[in-house]
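In what follows, structures are represented as structure tokens.
Look for chain A in each of the two complexes below; its partner is chain B in the first and chain C in the second.
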Partner chain A sequence: MASSSSSSSCSSSSEKKITLKSSDGEALNVEKNVALEFEPAKGFLEDNSEEADDEAIVVPLPNVSAAVLSELIPYVKQRLELSAKPVQKKLIKAFDDQFTRHLSDDKLGELMLAANYLGVNYLLDVLCDVTADRIKNKSVEYVREFLGIQNDFTPEEEAELRAQCPWAFEGVDQD
Partner chain B sequence: MENALRKNPKIPKFVVCSDIGGDCQGGDRLSNLPEPIIHHIFSFLETIDVVRASAVSRRWRYFWLSIPYLNFNIHNIWSNPLERWSLQTTNEKFKDFVNWVLLSQNGSINIQRFLLSCFNSVDDYTLYRWLSAVAQRNVQVLDLDIISAEPIKLPRCLVTCESLVSLKLNFGNREHQGVLNLPTCAGFNRLKSLDLQHVEVLDYNLFRKFLSSCPLLENLYMKECFFRDFKILDIPTTSLKYLTIDEFLLSEPKGLRSCEVICESLEALKLHFGWGIDKCVLKPPPTSVGFSRLKSLDLKHVEFLDHSFFLKLISSSPFLENLIMDSCRFPDLRILDISSASLKSLTLDRIEFGGDELGSYKLKIACPNLVSFNIFALLIPDFNFEGLNSLQNAFIFLETIGEHMEDIEICHRLSKILNGLCGVEVLKLSCTLYEILNASLEEGSYFSASFNNLKSLILCVTMAEWTVPLIIRLLNRSPNLEALTIYFDADEYFDEWKISNKAILCLTCHLKTVDLVEFKGHENELELVRFLLKNGHVLQKLRISWLEDVYNRREIISRIMKFPRSSSSVILKFLQPKSLLDFCEILR
Partner chain C sequence: MSSSEAVASNDGLLTEILVHLPIKSLMKFKCISKHWQSLISSPGFSRRLYPDSHLVSGLILRPTYDCVIKKEYDFVPLKYTSTTAPFRSLTFVNHPSGLIILQSCNGLLLCASSISDWNIPCEYCIYNPTSHEFVTVPPLGDENSRFIRRIGLAYDPAKSSHFKIVCIRSDSLEVIQNAGISYQIEVYSSQTGSWRLSGVPFVLPYNSQYGAGVFWNGAIHWISHCHACLCFKVDEEQLQEMPMPPLTRDPADRIEGFMRSFVYFGESREHLHFVVNVDNHSKKFDVYEMQRDYSGYFVKYRVDLDVIIAAFPEMDVPSDEDDFLFFYAFDCYKYSILGIIREANDEESYMVLHIPGKVIRYKLNDKTFTKICDFHPGHEDVEGSQLEFTRLHAYHYMETLARFG
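Moving on to the complex of A and B:
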């Protein structure tokens, strides 16, 4: 059922298409200029530039799932269109805000790993900023639970650590 | 305690497996975010958050010791500190904390960015010491937001620091500016960007010397700075690409009267002079070389004493693409002539001319490559357009109709404008135009052209009776229209609208999207919705953004849902309020 055509949300543009293959084996069609925003795809296309027909190229992206890719592609596409115009920064900011506002914490993490792997730095910036915002001024316990990190300190160690720098542990938000 | 907290349902989890389906492959890989990403996240946090994170786990314990981004802001380091401690205690705690971090961190790690927001008291050398310390650690970006009771002096080692690329100083607010004692030694060899906000500068010669001694300075931004006793502000650098002066303040209104810019290298110049003072005169540099690289010029409250200087400014800027003039004054001028082959975007906002007859000035615009044109004017100006063949976007905003002007003159001027703009793809018109527009459209002899290329029409309308015939006429003259946006402006008119169903070409064949903004569910608005749904055969989207405080939304929605629709695929959406102010955004 999962077909390649379902994910290409593009219009009838005559732009050249490239096929990306996700970690779970799905093939996704994207415009070449969008594919070039992904570092591994860019490298792959440069290495295979002698191939006459772009349509025949399949770029493997073994670290990103189809679900994540199909969220990234429309974002990158729209962001490219926006930055091609001489728009004000606040428009781009509003667009980024809209994209990140409703992201679940899970999705945020997945996208962050994908943006990092794909080298989409403007997206990584935005996602890291959003993550920072979600753990800003929160207690140690909150951050542990938010990120799913086990506390591996002994109680004595932790108490000592906190005593060294008391300023950091007072005046945090309620969990 | 740990167990109790683990069950806290209020804490969202970064790493939950979805309960539905077995898609659990994520596991706890997110707790092992790669170090560069963790550093990246930390770079956005206050340093105190990073220090606190050292107690999260062993792996995180020493991150803070090597983080090259330090952010200290006394205003949000603790939530509501003044409920717990006095201002003085808060200050002391803050100082302790910054000292502790600077003391503990590995001194061999270069500081990429140092953000500091705090208070500086008299005879306290703490700030001076911190700045020396970060200079020794090769700080690259320094951003200081300081409220100080005495002049601030930058340490010599910071001025001579070879690593500093960007410096931002904010010493107050609109009401209060802190004094910067300019360095007397040469320095800032690598500085590319200097941002001064609410800074008071005392010595004119020193300021000049200071600017001309930064050999790589590309970006100079000054907002609401106070230049005491300056007669002229001249910016003499050879490397500057972007210059912004966003208002400045003076000890007395007669202080600074003119501004001289001598930078051939400039690509963007923005001069916004303040409300409080008379308009500032922009003077040509003595050795007039022109702005051979200028792409963008944005002027507000600037007076051109000599019209020929303006003409020369435009003609000697062969790459000028974007020109904005807001409340600029030309005292000796009747005809403003803007002729440029490079200009792509032009915005004229309330240009002032000499003489007392408001309506008697002329605008001549000859820009073959102009794409966007925006004009905000008190009265309808007498335009002369020449060869605007590339024009795609136009925005006409008039404040008043011009009661002193003869009707025939108004119609004449308006038809010149509309004929000149008939090739545009996006057209935006303010509501004051409609009464005259209606009259002029009636007079077929004045305005004959159709907007054959028009794809998007944006209107701001009142509830006056002439609005409906006008909308219908504009639709009739725009055979290829695809998108229609209407802002409803609350006003004194409450004439009742009746729109008779009649086939309109663009509604039958092309109009796909309709946006209605500031919608309050008035009968007239509903009548328009009914008409559009009934006659829009290819309509795909109808979006309605509410006005604030409309309480009977549900009732209005249910009425709208009952209207008959000619397009089977139309989707109705009801959106949160959007401001009428959006209407005033210029087109680019």
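Moving on to the complex of A and C:
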């Protein structure tokens, strides 16, 4: 029951639209139910609930670029449709995999920052899992470089740490 | 700054990524920077990974008879999601006689070398089987360490990352006024990194038994079949005798009472359990729990193995062994209690029972049981009612990354 009503409302052209304004000043029209998935937009809409005409509302999202928003919006929309149906977790997992598989490391980071700022926790969880998967078998040096982290151990301190846990350094991938 | 760098400089996001990493990667990435090291070793992070610090993920089992030769451990997973054995043997210290486990305490294992030979000074290590980190404990003076009779690890990560090791050693084997021999307590503190004497020597009946303790309620407890059961309050450094649950219900029934005796002693989720046989056929027992103020025990659960024996007739000893076993009422059925495990929801609390070829989870409240795994530990050609494992050799595997040392 819930699935048919929800999917029809999502595809319905009469669905109310909200305007999101990106950090680079672009205006993006989205369905209200998608906008409500973004915590800052939800808060903004609640604060401006006396406004009769949703179409007139422009929600500023000063931390997210239009490029990132335009990737997030279709993801959230489809994910909402999927989770409204009584589908198996497997299907949602397959959808998430398809979304994240081709993301560059840089795009992955951008989406993570956006998902964190927008409070889209289910996406954040997926992105963190993907990031963890990409670095788990990498060398310490690779991860430092990848994440721009300064090594503040002395060579002696680092050697001691490595000696304490030799098993952890077995089977490291080529960088 | 790249987006990845921005992510890495946000501790909230970084923590979210780290919780998705396997333990091996976490141990490796402690080397990334001091900040990563402190994040991964923080108590908060360990709680994120393992929210239930009392959860027993599995039992590490040491075969009773081949421990000295092979020193290979078996593992029984207890979580409903799969858990793999943390190790097969303890090889992190290259000790000529190898290492064996003496005690498990809140995620750490107290390990020792060469306890099989009293004349060789023993070395001790503290090992976290989750992270595979370990620290070695400096030995007592050679002359003293060979007379260690009781030992115990005290570690409570909710209170401190420091641990203590308490040992009771005999000064010499000379009997004093027919009362026993002189003992001395020594305590090792990881905070100071050294051993020191605690209190003055005292006299107890000679007890050749060597035993590791059970840590509960801020104290280490040692039980004995034929001597006083002892309890050492670690912070106060007080040794006292521990009350026992009633082993004999009828005073006229002393011999049978002795035969009943206890079959299990252990801690789980801050409860101290003591399991006592209450019939002649070793089918029924009571699980006692100690009051926190040591005022006494109360019966927490009653167990009757009838339904399990009916489901697994192989537990019944063949009748031609009856005569031989006449005086050993315990051994009428083939089983051994590997653990009494309390869950956050007491309805889920269970007993781990080893029967021939299997390990069983028996729910202590609703008395239902399920097979955990098929299990043929050690040598399969061993016949008779002696199972290869007793509770003395089953150690809790509790996953934690909490700091220690």
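Please note the rule applied: the second predicted complex is superposed on the first by the 163 of 175 C-alpha atoms of A that agree within 3 Å, B and C clash if a C-alpha of one lies under 4 Å from a C-alpha of the other, contacts with A are read in each partner's own complex, and residues count from 1 in each chain.
Simple rule for what comes next: a contact is a pair of C-beta atoms (placed from the backbone, for glycine too) under 8 Å apart; a residue touches a chain by one contact, two chains touch by 3 or more.
Values in this document were obtained by computation on a predicted structure and should not be read as measured data.
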### Task
After aligning the two structures on chain A, examine chain B and chain C and state clash or fit.
clash
### Query
Is A:N151 contacted by the first partner chain B, the second partner chain C, both or neither?
both
### Query
So, A:Y142: does it touch chain B (first), chain C (second), both, or neither?
first
### Query
Is A:Q98 contacted by the first partner chain B, the second partner chain C, both or neither?
neither
### Query
First (chain B), second (chain C), both or neither: which does A:L161 touch?
both
### Comparing the two partners chain B and chain C, which touches a greater set of residues in chain A
B
### Query
Is A:E110 touching the first partner chain B, the second partner chain C, both, or neither of them?
both
### Message
Per the contact definition in the header, classify A:D173: touching chain B only (first), chain C only (second), both, or neither.
### Response
first
### Message
Which segment, 113-121, 239-247 or 347-355, is the chain C region that clashes with chain B in the superposed model?
### Response
347-355
### Query
Just which bits of chain A does chain B share with chain C as contact spots?
105-106, 108-110, 112-113, 116, 124-125, 128-129, 131-133, 135-137, 140, 143-144, 146-153, 158, 161-162, 165, 167-169, 172
### Task
In the complex, go through chain B and note every residue touching chain A.
2, 5-6, 8, 10-16, 18, 26, 28-31, 33-34, 36-37, 40-46, 48-49, 51-58, 60-61, 76-81, 84, 93, 96-97, 100, 322, 345, 588
### Task
Can you check the complex and tell me which residues of chain A touch chain C?
105-110, 112-113, 116, 124-125, 128-129, 131-133, 135-137, 140, 143-144, 146-153, 158, 161-162, 164-165, 167-169, 172
### Task
Could you please specify the touching residues of chain A with respect to chain B in the complex?
85-87, 105-106, 108-110, 112-113, 116, 124-125, 128-129, 131-153, 158, 161-162, 165, 167-173, 175
### Query
Which of the residues in chain C come into contact with chain A in the complex?
1-8, 10, 12-13, 16-22, 24-25, 27-37, 131-133
